[in-house]
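One chain, chain A, links the two complexes that follow: it is found with chain B in the first and with chain C in the second.
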Partner chain A sequence: MASTDIPSTDMNAAGLRSDERLERLKLFGLSSPALILVMIILVLPVGWLFYVSFIGADGNFSLENYERMVARKSYMRIFRTTFLVSIMTTGLCILIGYPLAYFLSQLPKKWANIALITVLLPFWTSLLVRTYAWLVLLQKKGLVNEWAMSLGLWDEPIKMVHNMTGNLIGMVHIMLPFLILPLYGAMTAINRDFMKAASNLGASPRRAFWTVFFPLTTPGLFAGALMVFILCLGFFVTPAVLGGGKVIMVSMKIVSNIELFVNWGAASALGVVLLVSTMVILWIASRFLNFDQMTGGGRH
Partner chain B sequence: MSKDPNDALPISVRNVTKTYGAVHALNDVSLEINSGEFLTLLGPSGSGKTTLLMVLAGFTRPDRGSLKFGDKEVIRTPPHLRDVGMTFQSYALFPHMTVAGNVGYPLRLRGVSKDEIATRVEGALETVQLGGFGDRRIDQLSGGQRQRVAVARAIVFEPRILLMDEPLSALDKKLRDQMQIELRSMHEELGMTTVYVTHDQREALTMSDRIAVVNHGRIMQLATPHDLYESPANRFVADFIGESTFLDVRKFGSDVLFGDQKLAHTGKIPDTPELLLMARPERICLVDGPAPDDMNTFEARAEQVVYQGDSYLLNARLDSGEMITLRGPIRQGTVATLPVVGDRVTLGLSAKDTVIIDGREV
Partner chain C sequence: MTNWFSSPATDTQIVHGQRIWLYIIAVITMVLLVVPTLIVIPMSFSDSQYLEFPPETWSTRWYQNYFGSDEWMRATITSLKAALLTMLVATPVGVLAAYGLHASKIAFVRVAFVMLITPMMVPVVLVAIGAFYAYVQLQILYTLMGLVLAHTVLALPLVVIVTGAALKGYDMSQEQAARSLGAPRWKAFLTVTLPQIKFAVITSALLSFLTSFDEVVVAMFVSGGDNPTLTRNMFNALRDQIDPTIASISTIMVLVTTGMMVLAQLFGQKK
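And then the complex of A and B:
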């Protein structure tokens, strides 16, 4: 009797299937403008960059732009400087940022929000302005040297700009929030009972920190450090202004290749190498890290 | 695992006070807990029961008072040196360690050798019926399993005192009932002094040797489950433990009067200005025909009858105006004889169940 109750239209199955198809089609239609936009402003230019990097000075296909990078010592030096500056900036950011993020995470919610705003405040000011502000502060007759000497901390003005020191000070200042934000997120996500439990089970505050708190913050720490490192690789303004020509990074070489030598091929090849090395780093990182967890989409 | 109850430690809490601003979280609390006892701190949220547990664990520093584990004063001992086991409401299992990593954590801190850790971890997991679960990740466990791991981690280093902060509150009712019995039999087996915090009176009655009812930062009554239920110290305790209907009564010479009705009773009458008759719903019965001499009877009218499967509730209004609740058993055939709304009923309460209590809240 039950079988005869089912109507010949197999309970709307065909209609429901076509509704499903239509809905998918609509969703695709709605997202296609964004897809086209990404095509035009991202995929095409990057493709063109790759193409130009393989064009030699005579206008034909050639590997000379890449050969030059391997052959010339100055290029290797630039890559070494770029990675060194990025590693040092990341390291300094971790040294300064971790304790700061920890301090923020332990504050009562109300104070934490205020403190977080002060950390983010530099984001509201132009990068260029902040960089030149450091120039003013750190130069030979700048505020820092004047004050330090009047307080008797040192006698001769110390050279703090137009060298690696100035460059690092400026870059760390600009990169710090990128490290602190994911780290702060990871720290506040830690159940406060964890530290109590560790303590109850016999861990001294130091042991509890290294065995429970720190391991739980590593995803946030890696996420922040990776972001800082990758941003550093392509950084231009701060090393250009505060490095004073002594710290030459890949991005600056790209600019000089175009502005000075009008060699688009060489500039493109540098861009490609930078892009590829960034992607390789991300790929390696993704094999060790859970990107879901970093972006806050992790399980809880 | 220690089975000798002599291994357990008594706990002595004396005059412990903790204030937050003007609020007394703990108001001069004194409490003696026997070694090997299962004692429950029972109270509504904000009563101070958790604060007291946190003082025992060392996470809350009281303003003053003394706390002894055995003969040793520990009020100023930091938590990691107190050597007490504890389970948390949130379980607080470390998500970056496996089950075995969590349970072995206190042993690693104590420098126990690797082989012994493995043996003791497996032993503790077997105690909580999770043998073989050592390699699982915490997020692969169900709520009940997490609870068991938390217990295993708290007992694996054989503490002589075990503190439990609402350990079952996140579990569904069936599992909670089962875990209550399991935790209780585990306590029989291990014998450590256990302080258990809950706001669930039935859980407290099921598990405890003694219950301390806490309210407004003070212990209202400390008694066995039986004494607490049968002779509560005041209205708050009577209200918090079980269900009850309260009727205003007064003392007249040696008699207790409800309105003009002299009540038969057997217990003591508290010497306080306000008195209440506490009538437990399941102790009231429907009287059909003549009542025995030692039974107080009340005329009433049925206002609501609720069928609850295993029993029924009858809300009736006494002729004097008060509402009274009766709970009766349901068996095959009794449903047809239940009163219906509007019926006149005679409610009976035997002298033994006529409990007169201090009518004040505190």
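And then the complex of A and C:
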């Protein structure tokens, strides 16, 4: 750039640079079919939903769809239920999933791979099938009630389905693999010498665990918990079946607004709130978390 | 056995006996994870409406119900067609995108990557009603093509992530070597790069298939008319009452999934 005495080389370099730019653009073009598809099927329609959410019943710009949400108690209850269910599911998944992930990470590789099948099999199985299984197991004449009564745990059949209990059992079961898999990944990546060192320096097993091992697993735990929470916020199938109308989540209200009332404005506004909450949570999380970890890209 | 209880379990010298509770909890959790998935299999052979376990009288009546019903059979074929087509569209489109993003290092790549994985982050209900609206405008509502396109969008993030991760672990200079020896880029990709990321591509394909085959919410909105999907019909049947026919369908679906899992283990993972 600075030299004026050898212009030919300079021109050559500029030519190469523009060739390279062109090449890179061409390569980028390979992703255009995927990008166009996502654009047409997802981005534009969701953008349209944003627009519709600001249109009132009379066809003019209005905030009535959002005002209704704040004014009506039923809507506030739906938001509260959604967040409550998501928080409880995430919490239960952590309580149940952490010990299992820890156990798996301590097994010899060969055994761990076999034990992991118990996490992967439900992970790969249709969530409708698993929801159905719980519906059958938890019903009044179901297996859980019968066994519990024959063991004398309770005398009368307990209603465990078509309510919050059944919904939580089903959701925790479905979400557990999403927590366990990233957590297990984080745990196996920890250098075992750290624990040896802690123990050599006199830490009790408990202390070594809480001051060395646990902090190192927090990125994986956080990634898994975030994934579970986000998926719970928009969850539809399991609460619709196992909740039996007692547990109404935002996504179910969106569906009923369209299917029953054909009210696009109300449905869109709910959708916008759901989407914005999801994005805000992801954005906040991204400030604490390397996103490559979540998408599995960071492990190479 | 007493030796095992007092032998150290980890590098911190904690002995097995001290954390027997961990083993118990872990085993219970594993049982609870697997049993509800598998228990529908014996139950589906029960003769009773209530699907008791273990079945008092065995029968295949729910399977006869399923295979004898035109409606269920049509739905199954629709689902299989959609899943197969989704796999055939999402895999090449996604692999191409992952490769393009990996090889082209322009500034826009980051944005494009985020856009390609948004279908995973946007609540699926929104994808469903958005696609429903778009399909009414495009007049492809209740068509197989519409369903496949929507399922492809849902499967793309998985393909891009799985293939992208494999490309990160692949040494691109091998492809450069092939090109400097005269191979055009497409040929270098097909003969040098693709064979080395084929495990990821196979995994992507299987994931795409399952994404479509198991999908409920989008199918609820954009499939219907003459060709509703299997999951759409199952979901509707679940909302009304517990139809034991679903147990037989579930069993078949679990077997299909397990088969896919075995395939993925056999072909989709590096040794």
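Observations
Please note the rule applied: the second predicted complex is superposed on the first by the 275 of 300 C-alpha atoms of A that agree within 3 Å, B and C clash if a C-alpha of one lies under 4 Å from a C-alpha of the other, contacts with A are read in each partner's own complex, and residues count from 1 in each chain.
Here, contacts are C-beta pairs under 8 Å (C-beta built on N, C-alpha and C of every residue); 3 or more make two chains touch, one makes a residue touch a chain.
Just so it is clear, the structure is predicted and the values come from calculations on it, not from any experiment.
After superposition onto chain A, the modelled positions of chain B and chain C are compatible, with room for both.
Contact with chain B, but none with chain C, is seen for A:N191 once the two complexes are overlaid on the shared chain. In the overlay built on the shared chain, the residue A:V129 is in contact with chain C alone; chain B does not reach it. After overlaying the two complexes on the shared chain, residue contacts for A:S286 are found with neither chain B nor chain C. Of the two partner chains placed by superposition, A:S74 touches none, neither chain B nor chain C.
In the superposed model, A:S18 makes contact with neither chain B nor chain C. Touch criterion met: A:L201 reaches chain B, while chain C stays clear of it.
When the shared chain is aligned, chain C comes close enough to touch A:A240, but chain B does not. If you stand at the C-alpha centre of chain A, chain B and chain C are 90 degrees apart, rounded to the nearest 10.
When the two complexes are overlaid on their common chain A, residue A:L49 makes contact with chain C while staying clear of chain B. In the superposed model, more residues of chain A are touched by C than by the other of chain B and chain C.
Of the two partner chains, chain C is the only one touched by A:F209; chain B is not. The gap separating chain B from chain C at its narrowest, counted between C-alpha atoms of the superposed chains, is 6 angstrom.
Overlap of the chain B and chain C interfaces on chain A comprises residues 196, 198-199, 203-205, 208, 299.
Per the touch definition, chain A reaches chain B in the complex via residues 191, 193-194, 196-205, 207-208, 211-212, 215-216, 299. Across the interface of their complex, chain A is touched by residues 9-14, 18, 22-23, 25-26, 29-34, 36-40, 43, 50-53, 93-94, 96-101, 103-106, 108-109, 112, 115-119, 121-127, 129-134, 149-150, 152-153, 156, 160-162, 164-165, 168-169, 210, 213-214, 216-217, 220-221, 231, 234-235, 238-239, 242, 246-247, 250, 253-254, 257-258, 260-261 of chain C. Contact residues on chain B toward chain A in their complex (touch as defined above): 57-59, 78-86, 88-90, 92-96, 105-106, 109-110, 139, 153-154, 157. For chain A in complex with chain C, the residues that touch the partner chain are 24-35, 37-46, 48-49, 96-97, 99-100, 102-104, 106, 115, 118-122, 124-137, 139, 141, 143, 173, 176-177, 192, 195-196, 198-199, 203-205, 208-209, 230, 233-234, 236-237, 240-241, 251, 254-255, 258, 264, 267-268, 271, 274-275, 278-279, 282, 295-297, 299-300.
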